[in-house]
Amino acid sequence: MDLLTCHEQMLTIRRFEEAVERLFREGRIGGTAHTCIGQEAVAVGTAAALQPQDAVTSTHRGHGHFLARGAEPGRLMAELFGRATGYLRGRGGSQMMMDASIGFYGANGITGGSIPFAVGLALDAKLRGTKRVALCFFGDGAASQGVFHETLNLAALWKLPVVFLCENNGYAMSTTASRSLAHPHVADRATVYGIASAQTDGNDLLAVRQTVADALDHARCGHGPFLLECRTYRLSGHSRGDPREYRARDEETAAWQREPIARFEAYLLAQKLATDADLTARHAAAKARIEQAIQFAEESPLPDAASVAQGVFA
Amino acid sequence: MDLLTCHEQMLTIRRFEEAVERLFREGRIGGTAHTCIGQEAVAVGTAAALQPQDAVTSTHRGHGHFLARGAEPGRLMAELFGRATGYLRGRGGSQMMMDASIGFYGANGITGGSIPFAVGLALDAKLRGTKRVALCFFGDGAASQGVFHETLNLAALWKLPVVFLCENNGYAMSTTASRSLAHPHVADRATVYGIASAQTDGNDLLAVRQTVADALDHARCGHGPFLLECRTYRLSGHSRGDPREYRARDEETAAWQREPIARFEAYLLAQKLATDADLTARHAAAKARIEQAIQFAEESPLPDAASVAQGVFA
Amino acid sequence: MRTVTYTQILRETLADALRRDPRVFLMGEDIGTYGGAFGVTRGLLQEFGPERVRDTPISEPAFVGAAIGAAAAGSRPVVEIMFMDFIALAADQLINMAAKLRYVYGVSCPLVVRTPIGGGRGYGATHSQSLERLFTGVPGLQIVAPATVSDASALLQTALAGADPVIFLEHKLLYPLREELPEGLPPALPFGRARVVCEGRRATIVAWSGMVPQAERAAELLAAEGIQAEVLDLRTLVPLDTETLVASARKTGRVLVVEEGPRTGGFAAEVACRIFEAAHDSLDAPIRRLAAPDCPLPAARNLEAACLPNAESIATEVRALVR
Amino acid sequence: MRTVTYTQILRETLADALRRDPRVFLMGEDIGTYGGAFGVTRGLLQEFGPERVRDTPISEPAFVGAAIGAAAAGSRPVVEIMFMDFIALAADQLINMAAKLRYVYGVSCPLVVRTPIGGGRGYGATHSQSLERLFTGVPGLQIVAPATVSDASALLQTALAGADPVIFLEHKLLYPLREELPEGLPPALPFGRARVVCEGRRATIVAWSGMVPQAERAAELLAAEGIQAEVLDLRTLVPLDTETLVASARKTGRVLVVEEGPRTGGFAAEVACRIFEAAHDSLDAPIRRLAAPDCPLPAARNLEAACLPNAESIATEVRALVR
């Protein structure tokens, strides 16, 4: 993925997530959703480093991971609208999306639930001798789940080709990482399993891309799992309608200064990879893409309720 | 607990466990049991360091922990015989024993199942301001359970008065510690939670007693949890009738050279704390104690089957 | 008199217990500042402080296990599991430890696990389940599912004063429910007493938790057609008030059991069995069960609605039953 | 012909699958050198090596979760949970992931989880449970419980060839069971077909897994008294062969459902409901359930025996049923 595509993807995600927040406020979509505003560089930097055969697992906050991996905004939006054209024909909703055909093995409503699943993907890859690496996104909150520890141990013992990518956005819902993790650096967990690890600035697209590429190489070459921590900040609320009483507006304002898109744009301009006019055009294009996605979703038919009980078994 | 009492306790445990193995072979008891031959110094050294108000949780291999904590051999044996005079009137069996009145909060048939329970005991102690420390026995195998990781994190975050004591006997059933733990030193896990830790020779009664005493002090003074690893060896089979095909007899022979009782007796003799005659007399006394326990159990009545469904709720 | 919501009375009942009994403390994810995902504990942190209103990391097995240990030692923990779907993570601790403590070990375990159940909000397959069926068949666990504001308090008080573990189910759609109540808390209610929501002679509708308001509305629809249905609210699934069920079945001769979860393997089967085992000869028609189809609950509103029983589908079943 | 045990045929069936399908692999605690707690996988490590006969650490959530992921990617993992009691640790992965994969995500999950159930060996309350009830009410999971040597193989073959998760229950007391069988494996059997163990006109006894031999023996006792009982073996709980159940109930008019686990909230209730919903008008007596009392299973032999249904207590129930 070249740098301009990376920029385009980050913008798509940002606009998509803003639209989601708005659509909820306007009552046009229901259920729940967790947006990833401020975390776009993690999703896109990672996707840029992945190879087509690789597999990704995601979390409840998965729109960005999915879009970066190649999801169509229209079908993703249609899933949020509960339409027949959605990725899972309305059966999944925001927290449960999957498209194995592009190596996206699922958002998951259970915090930490996909961690062992990712190791299973890696085990399958190893047993079948493919060159696939499984990459597992999880949050700082999920790091407190026991299955994370079990899975690190398993992956290390079996030297599986898996990259554990902790998106440390400082919060698990209202709980700061310092109140949910006795030791603040998730990457340090790797040492007690003899796993390689690194920490990087998750708001720096280039740093993410590079570190993920290195981690994937490590895993792909048979050196076993890699634990990578990307430090970022969730600028959105935890889920739609979160009043964010647990943190100060000042903290958020400061975090906005470090948000990844403006930062990446400054880089593009400084490196003369884009002009102001280019960026303006790209912003407009991203906006249009999302408007189209919404239109596609809203004009799509509802799923067929008569067949709702079908498809539980093959 | 003075040194001679420690010796007495170790002998009681050894003879008890040998009797259990024999009683199974003879078909006089049923169900299952896991004996702790070779691990007596951990149980007794720990008990010697505990204060009366402290609480202990145990494992499936709990006879030694319970006896060292003050259980009556007769009632314990009666539980194995499924008699009304057993600690739980036959309801528990070998893997489930408890006597809160002596601060023994239970053997547990679920590997790792008591780890969070122990933290709950410590939380209760902290909330109620008692000077109790909870001590949690667990095995090298149990260290792979996710709840162990969750619990370390919780105990560290909340600075709870709990000592996690890993009885690393080298095996989880047939699985060597090196095949179940990606990193062989369980105590090292402590670092990623900011927990104090130590490792000690679990076959050296004095070392165990001293290290546990230090760990308890640490927890009792409000410094939070402590993770202690005692290295030992399970000379028994995993459970009754285990043919031990997964290890060589040579390995066992070597391990017998390091077994804790003879080693402690050598110390007692060298320090002139006991004579050969003393030891002979003590061995005979221990044997008699266990014979009495068996007799007590065998002469005890069966539990009342008519009331079997009673007592599920208060 | 005052107007109180289900959420509010739960909060008041917890606050009352925290005030009166120093052994009571709360534990769960984001129950402090955030007040819990559904706001039940909002404000309690401020009054009782972080030692007694304890935010936990996302470690369901550990904090449920810790609560069990604390309860065995004499504390009275009240745990919140944010959505009942997540209780599966702590199933081992509840089934193999909490449920065994009194019977096997002879030890009290005064633990309350509060958790929201049910669909109707488009949250999808892992945030909408009614998983009481995981525990109704595990002796040693009591399952409580209040459907009204006053019962929510009355039964929570009993849970808080008890000596054995309680799984306390709060249907998400019930939280905004309002009731006119006197100041203070309603009196506590013993477990094992079903509530006769309304009397009728033609048929009995048995429901619990979120299905009770639907059953009530169905009874209104039916009454307008001249069909007088009796509605029973189980209130507690374990222990189950077989007596009241059987008495009503004997009276009406026709019974419909409504369950929000999928049909197969649900608790409605137990309810139906209890009734026909005792009142077989008084039944004029086979007992019917109305439940969700045997599939996960989809997220899309129209699909979700197609799965969940409601007043209309209940009324339809009753019409067929009395025909 | 040759004499084969239940244990042995399971092993042969696994070996056959390992030989024929490179996607199949086994995973579980001590299934390698040790051969599993009940010896089912003994010798397979030697033939297939540690990659395909994979010892795991004691991490039920992780290795079940990993198996689910591997299955979704195209492998065919067969997981052993050493005792079904421990499956509670992996309940989240099975309920919230495996069971949702096809319906929600549209993905196959050809996973087999083998696990021993049941009491009768004095192992105590956390090594003796029959926890099928945790999963029978979770759409997306198939529950298989063979009671004979040939069914063990026939149903395991179907499980191994399927596209959706199967929980495969092996009663501990069945392992030593012997049967005369031809060389090779018996033909595979589709799920959802109950077996008529023996025919009779006076009453139907429904059982599964470890209760089937007891029901058979009860039928013999009853036959000696002139009471011809029909015995049905469910073979699979999900899917359930309602048709065969109903046909038998219509024929005999009297049904006893036997379950090893505690009475309340068990699967016998579902079986009974399926029957009376369809055959209410053909029943001459209320369907009865015989099950363990609502308590954990104690360890002492005499207490355990007092809890578990057996041929005698089944016969007693049938006598009361036909009276």
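Here the chain labels run A, B, C and D in written order, and each chain numbers its own residues starting at 1.
Methods note: contacts are C-beta pairs under 8 Å (C-beta built on N, C-alpha and C of every residue); 3 or more make two chains touch, one makes a residue touch a chain.
Owing to the predicted nature of the structure, the values given are computational and were not obtained by experimental measurement.
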Per Cα centroids, the chain farthest from chain C: B
Separation of chain B from chain D, taking each centre as the mean of its C-alpha atoms, in whole Å: 35
Between chain B and chain A, distance of the C-alpha-averaged centres to the nearest whole Å: 46
Whole-Å gap between the CA centroids of chain B and chain C: 40
Residues within chain D bordering two or more other chains: 57, 59, 61-62, 85-86, 89, 92, 96, 100, 103-104, 124-126, 139-140, 294-296, 298
Set of chain A residues in contact with two or more other chains: 91-92, 96, 108-110, 113, 144-147, 150, 153, 157, 179-181, 311-312
Chain contact topology (line, ring, star, complete or other): complete
Chain D-facing residues of chain A, complex: 55, 57, 88, 91-92, 96, 98, 100, 105-106, 108-110, 113, 115-121, 123-125, 127-128, 134, 146-147, 150-151, 153-154, 157-158, 311-314
Of all residues in chain C, those that touch chain A in their complex: 29-30, 32-34, 55, 57-59, 61-62, 85-86, 89, 121-127, 293-296, 298-303, 305-307
Chain B - residues contacting chain D, complex: 30-32, 82-83, 86, 89-96, 108-113, 141-142, 144-146, 172-175, 179-181, 245-246, 302-303, 305-306, 308-312
Footprint of chain A on chain D - complex, ascending: 23, 25, 51-52, 54, 56-57, 59, 61-75, 77, 92-93, 96-97, 100, 102-108, 139-140, 142, 162-164
Of chain A, residues touching chain B in the complex: 144-150, 152-153, 156-157, 179-183, 188-189, 191-195
